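The two complexes that follow have chain A in common; it is paired with chain B in the first and with chain C in the second.
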Partner chain A sequence: MSNVIKNPRNGCALHGALQTVHEIEGVVPVVHANAGCGVINYLANKSVGNGAGRYSGFAIPGTAAQERHVIFGGASRLREQIKNTIKVVNGDLYVILNSCESAMVGDDVDAMTREIVEQGEPVVDTLIAGFNGGSHYGYEHVLNDILKTIDGVKKNEKNTDSKLINIFGIVPQKDPYWQGNLEEIRRIFTGVGLKVNLFFGVYGGVDDLVNAKNAVASVVFSRWGELPAKLLKERFDVPYITVSSLPASARDERELIEKISEYVDIDQEVRESFLNSEEKYEKNYLSRIRDDIFEYDLGKRTLIVGDEEQVIRYGKLFSEVLGARVVGAVLTDALKKDEEHDRDNTELLESIAENIYITSDAKDIEDIIKRSRAEVVIGSSLEKKIAEKNNVSLLEFSYPIYHRAILNQTTAGVRGQIELLQSYISIVKEKQLEKKEELIRFVQSVKGGESWHELSHGKSVVRNSERTAKLVNYGG
Partner chain B sequence: MSFLDDRKALTREKRLSALSHFHGTLEGLIDETSGTEIKQRIRTFSQIHVDETIYAFDVLSKIEDSVIIVNGSIGCSALGIAQDEEEAFTWFSTNLVERDTILGGDDKLREAILRANEEKHPKAIFILGTPVVAINNDDINSVILELEDEIGIPIISIYTDGFKSKTPVTGYDIVTHSLLKYLVDKNVDLKEDFINVISFSENIEDVASIAGILHELNIKFQVLPRFSSIEEIRKASKARATVVLNPEEGDYLAKELEEVFGVPYIESEAPIGFRGTKNFLLKLGSFLNIEEQVVAYIDEAEAKISEQFVSNILEDKRVFVDASLSKVYGYGRLLTNLGGQMVGFSSPFVDLDNKKQLKRFDFLQKNAIAIIGNGQQFEKANELEKNHIDIFFSENVGNSYVTDEGAVVVSTKNRVTYGFEGVDVIIASIRRALRLQGKNGNVSSYKDSFKRRSGNWYVKQEVS
Partner chain C sequence: MAEKIGKHIAIYGKGGIGKSTTTSNISAALAEAGYRVIQIGCDPKSDSTNTLRGNNYLPTVLDSLREGNKIHLDDISVKGFGGVLCIESGGPVPGVGCAGRGINAAVNLLQELNLFEEFKPDYVLYDVLGDVVCGGFAVPIRDGITDRAYVVSSSDFMALYAANNLFKAINKYAPTGGAKLGGVIANSMKPGYHREIVEDFVAKTGTSIAGYVNRSIDVQQSELYGKTVIEAKPNSTQADIYRNLAKYIAENENLVVPNPLGSAELRDWARNWGDRIYDIESGVVGVAEAI
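Now for the complex of A and B:
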């Protein structure tokens, strides 16, 4: 497959690192790049409607490197920028981010960081450049690099908290529902008496980074979190488990808690009480939609475009609950050759979807949708026109989603499950309505003459002319 | 003298001595820019800001029948997502990785051009330069030479690099230069009955507002280069005249069209506020010999606005305008007429051309705050708090920090501010903003010790 990409969606490693860092409360990113690199990421993510973090966008300190810094090196400009950032901007931790330019020029970013750390300032850095990978890569590597060095700048004796769990693998911004999903994960873990280091969002912050080594275990919810989890295992003996995706049903939640129970002591009574209540919640809503499942024939041919984790979560849910036939899964974040991660989801993916593709190229995706003869596509706003052209319903649940505001809405846990299901059912019903309207127009066009209106969900027909009445009677 | 003989556009710094680093008073700025050359300054602390690559992409993405190839690492092509339009245009990324920074990315560029042509059948292909390609010094032109004959459409290199200019409008100049050099029809013998309306940064609401007026006055026009097609760009040289919506952005294109292709440039001001719109239309009417019609139209519009105009809604309010220098006058005048006390302004750059605007700021005191810079929110935060500013009138995005400093934002985004219609909309926006005064604030992002200092602490004279 081609290296050139049409309408690429995911940004670079710097973008991933940047959006990861500025979503941690108290962390100030400092970008060593030309002026616009970080802005591009801000403008792209702004279209998605997750709101803006305090040190995102034009608030981000950066060297705004110029030609002279490319020719003569930009290390001294970086030194000046770090020093002055600490004087101007409130922050608990400053993270220096590298870029394509500084990597190509060969600026010694690490030396500049060390220099300021020696003065007792809380500064860490990451050396990954934009061209090293995509934004998911950036997420994982910047977390890894911060956790590797934070001990040197934020002193904290290891003191394991037997209830504390680190959460990795939910990539800020790239999962459009990251805020709500983190909150849902917290709700589940606190529901069984545990505590979580979420790092991001309302309940995250610098303290989570400092305390990561004190967790009793880490849970990695997608392949993009293995690296920091492994680091904590190697350095601080914090065990980790990897799961293929966020939970999206009461059963998933139970399996997750059971896995975690191998590493942490959970009160049996509290656990069962919570999980039973989750099952009750799920059962209530699932029983309410049974009529829709049958009457609207919800087991549609479905194709899913998105991050591997999302594809697994959505695919499992729609096939298990609605009987959807997942005719294809397009993984937009996966690497064709992944040597960095242990997690291999091939078998699982094959059990969910009939065909698996790895691409983020719009032409590839268009061809796949056309060939699939899917009735429903779960994807991003970039699939909108393709879906329209092919008369397919589109559910926008992967990055990027334009013209919406997505704050604490979740697509994980039993609450997210219901959100996903109701969206799926709604879109099928809308399509059904379109079909009915089309049929009305058809009948009108073939019968000629006056109009008639269908009422009461197709159960009765109000006839406003004798001719229509005859037509209906003949039809019956 | 035309610049078209040059291979690529000069940066604003080289062509017009553009300055994008200043923090002081209006008087100081007038003094600083009074000579034939403006001394450069630097910031020893800065915040990230737009660059010419972003501006160039933004314009190109609004040209129909074309494809953009972002020649760089995958991140640069996220510019396409930033447009948040579902496939209204197509862009490709050459997706350069570390290996390409060593061995060059020519093959990928070739592949991207061929794919773009085969899949979209565009009328032109634009290749947007990025930092990686500029540092690598990839030979774009030999790829273009090799393929242009083969595919039979213009393949146009946009010589942006992201680090040679501190003035992002250089991106507009670079696009202008390439369009004039490689697309605009050189046969200019026959003029046709339409005018060019030059727009680079205006949103669709503002363009529609002016388009509505021109339509009512029966003036035939085309909008360039935003919201245009390749065919319209080609025939720019056949227009009767050119007008520009924001002179500091579109002057270059209008002047070159006049000098090289003999299309008269009707110099005017941004059609903002009642007076700005009136001046804009009168100049146009005078050139087209339809003064009477234009005056009648203006009178009617004036009568409508006068009915609703309340001159004191900003009474006792201290106002700061954050807009391009060509628009500060229009906005400032309007806000002052509404009873506001304008205490300062910030603009992205001042150069030898647009510095004439400074002399028009008669509604400002000599010691009014003047900040020249792209973004640089920390400097604005410093002045907002020190000067107890109530209203921050801004055409930029991402201004939530302003509420942390005690002011309220009146944004020009997603609404019309041009034309007579814009006057009403601005007044309505101010009313809404006033209802939010003192609300939604949070703790400041900036240290008190910094805010106690002079805001220009980190702007230094450049030492060469």
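Now for the complex of A and C:
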């Protein structure tokens, strides 16, 4: 008998694929699935404050397959839907997304796609079914499938651009700060004179997919993204590098640029000038928090819940800069045995966190938080209740984050670093203030009505605060 | 679940082995004996009840479902020989869609239409296609739809392989209320060692033989007339064979959960028989010695 999984934070492969193509400007998804499959994806993401996507609400083209399409096959329904979608929704590329039922029934989605392509329409498909994996799998495989076939529908002679870099591994929506992080990566690369194919967000689009083969190299910023990078290497000889996480310091940025320098020519002067200014920026703000570092005890017992890349990025930063003790890391993305990716971060993770857990089950995560005796949890909104219950400070930096608008804020690069540090320090300070206030309330309650009486007459105010201060000092 | 009206019997077997012929003749024999019978063809080919209704056109349940209109029992059923109510589930065209889901949907729809409450059958026979290749084809033996299954098999290895697969399915579903096995109908029996092969197989799997049906020209001729043997040649020996089989099936309450052979076991068993048959056919030994 299987266990109940509480609030798993990742959707299925179809959801991953859908939210991925959803965020590529110019792409129109056509979902060949039950009506519910697309809707669930919408519902899952609507509470997350990344802003509405290009298609608002339920308006995603789809076949809304019914039982008769399962029994008699849904291919002709798909054909009809693709044609109608092309008529009413303008797009540069139509991406057909398969689903569990069409995969099980064996609908010939490829044939339908070919048929429409022969009529001159830019259509590609992916045959991944929801049950193939989680949403990260969907992200990676849909990109892979699009890059595999886009050449056939968008003719483009290979013409390598010696400054162009493909960026993979920042998963739209799954990284709550994906928009800001993409923009930060772009700022860093353009800062040293390079150009980027971001695919997603304000600077991305279908052209990035078409031009991916013309890049001089690809950079994969997490476990998820290796597959399309590998494909471009095998098919178009575009080399790629993988890094464990997005940069979150001037040093990380320097290391990244040095790594990429092996594949691309970067003007030394431009590079140094940019990296020096990054270091200056970082130094300026770090020096501004030095007093906080000395005054407050920032080396808190910290537990991080999130995707592997985020765990690495946040863990490294908080332990190296603030001296936080990372007592545990819960990886919510790499759940099953990973045979698809070459990158193995085990050693790195072990150097960052005292204990590593792999689960996306909220019940497991709650137990881990309880056991860890962590003082600060970096996690998602799903950890809010348990954090409150255990009087633990929660910093919401991983998916999903409710009740906050996150548009272009970043948690990467030196700017993201400062954002992360100020949030951490703020929450420690807030907790300290809370404790102080609690103590004052306690003292006042011990003194009972008298304190109110005395306070109201202003007679004993000085005496009371003196006593409170003594107690605080004693307690502290 | 409401009490079942009538005995519900599923008849399985490898494609082309004579399931529909056998089932239709059993239905005809039961009807001739005065019972109210429904025969439901669970096969996309939708030809199970052909010989009961003189090859007349009958819209299938799934065809009607595809049209999307409100379905009435009269639209999808017709009375054939002896008043046997004939129904064909139908299915997708070959190579498209999911026939397994189709059977499931058709059986559900018949229940929704209160078929059994309306017709009040004594016997309901489900003629199920081919091998039990996926969950959809096991629908008639799960969920309490039928409580007994028979398998039609010749002495061919592939037919017995299909029978063994059915045994596996019964073995899986019987503990949770699925059907049990009534027996093996040994079809297309020719003289020689054929009976012994089937008998050996049932002995190995803890099952029994419901009846032997010899290969007969009467069957072929009746089919060409679009009739069952019971209707076309009521006085033939073959008709009596079917009558006896029908009587056995009607009365048999000795239902078992079979012990299917494992893949290696089945292969070894078949290989062993292969050697013996070779010796017989090549005249090395006589039939009696080989057996």
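The definition used in the following text is that the second predicted complex is superposed on the first by the 439 of 476 C-alpha atoms of A that agree within 3 Å, B and C clash if a C-alpha of one lies under 4 Å from a C-alpha of the other, contacts with A are read in each partner's own complex, and residues count from 1 in each chain.
We adopt the following convention: a contact is a pair of C-beta atoms (placed from the backbone, for glycine too) under 8 Å apart; a residue touches a chain by one contact, two chains touch by 3 or more.
This structure is a prediction, so every number in the text was calculated from the model and none was measured.
By the touch criterion defined above, A:73 lies against chain C but remains apart from chain B after alignment on the C-alpha atoms of chain A. When chain B and chain C are set side by side, the one touching more residues of chain A is B.
With both structures placed on the common chain, the touch criterion links A:61 to chain B but leaves chain C unconnected.
In the overlay built on the shared chain, the residue A:132 is in contact with chain B alone; chain C does not reach it.
Shared-chain residue A:104: touches chain B and chain C both. When the two structures are aligned on the shared chain, A:420 is found in touch with neither chain B nor chain C. Of the two partner chains, neither chain B nor chain C is touched by A:304.
In the superposed pair of complexes, A:384 makes contact with chain B only, with no contact to chain C.
Residues 67, 69-70, 104-105 of chain A lie in contact with chain B in one complex and with chain C in the other.
For chain C in complex with chain A, the residues that touch the partner chain are 62, 65-66, 68, 91-93, 96-99, 101-102, 105.
Chain A contributes residues 2-15, 31, 33-44, 46-47, 52, 54-67, 69-70, 80-81, 84-85, 87-90, 100-101, 104-105, 129-132, 134-135, 362-363, 381-382, 384-386, 400, 402-403 to its touches with chain B in the complex. Those residues of chain A whose C-beta lies close enough to touch chain C in the complex are 67-75, 104-106.
Taken together, the chain B residues at the contact with chain A in this complex read 43-51, 53-54, 72-87, 90-98, 100-101, 108, 111-112, 115, 119, 131-132, 135-136, 162-164, 166, 168, 374-375, 377-378, 396-398, 400-401, 442-447, 449-450, 458.
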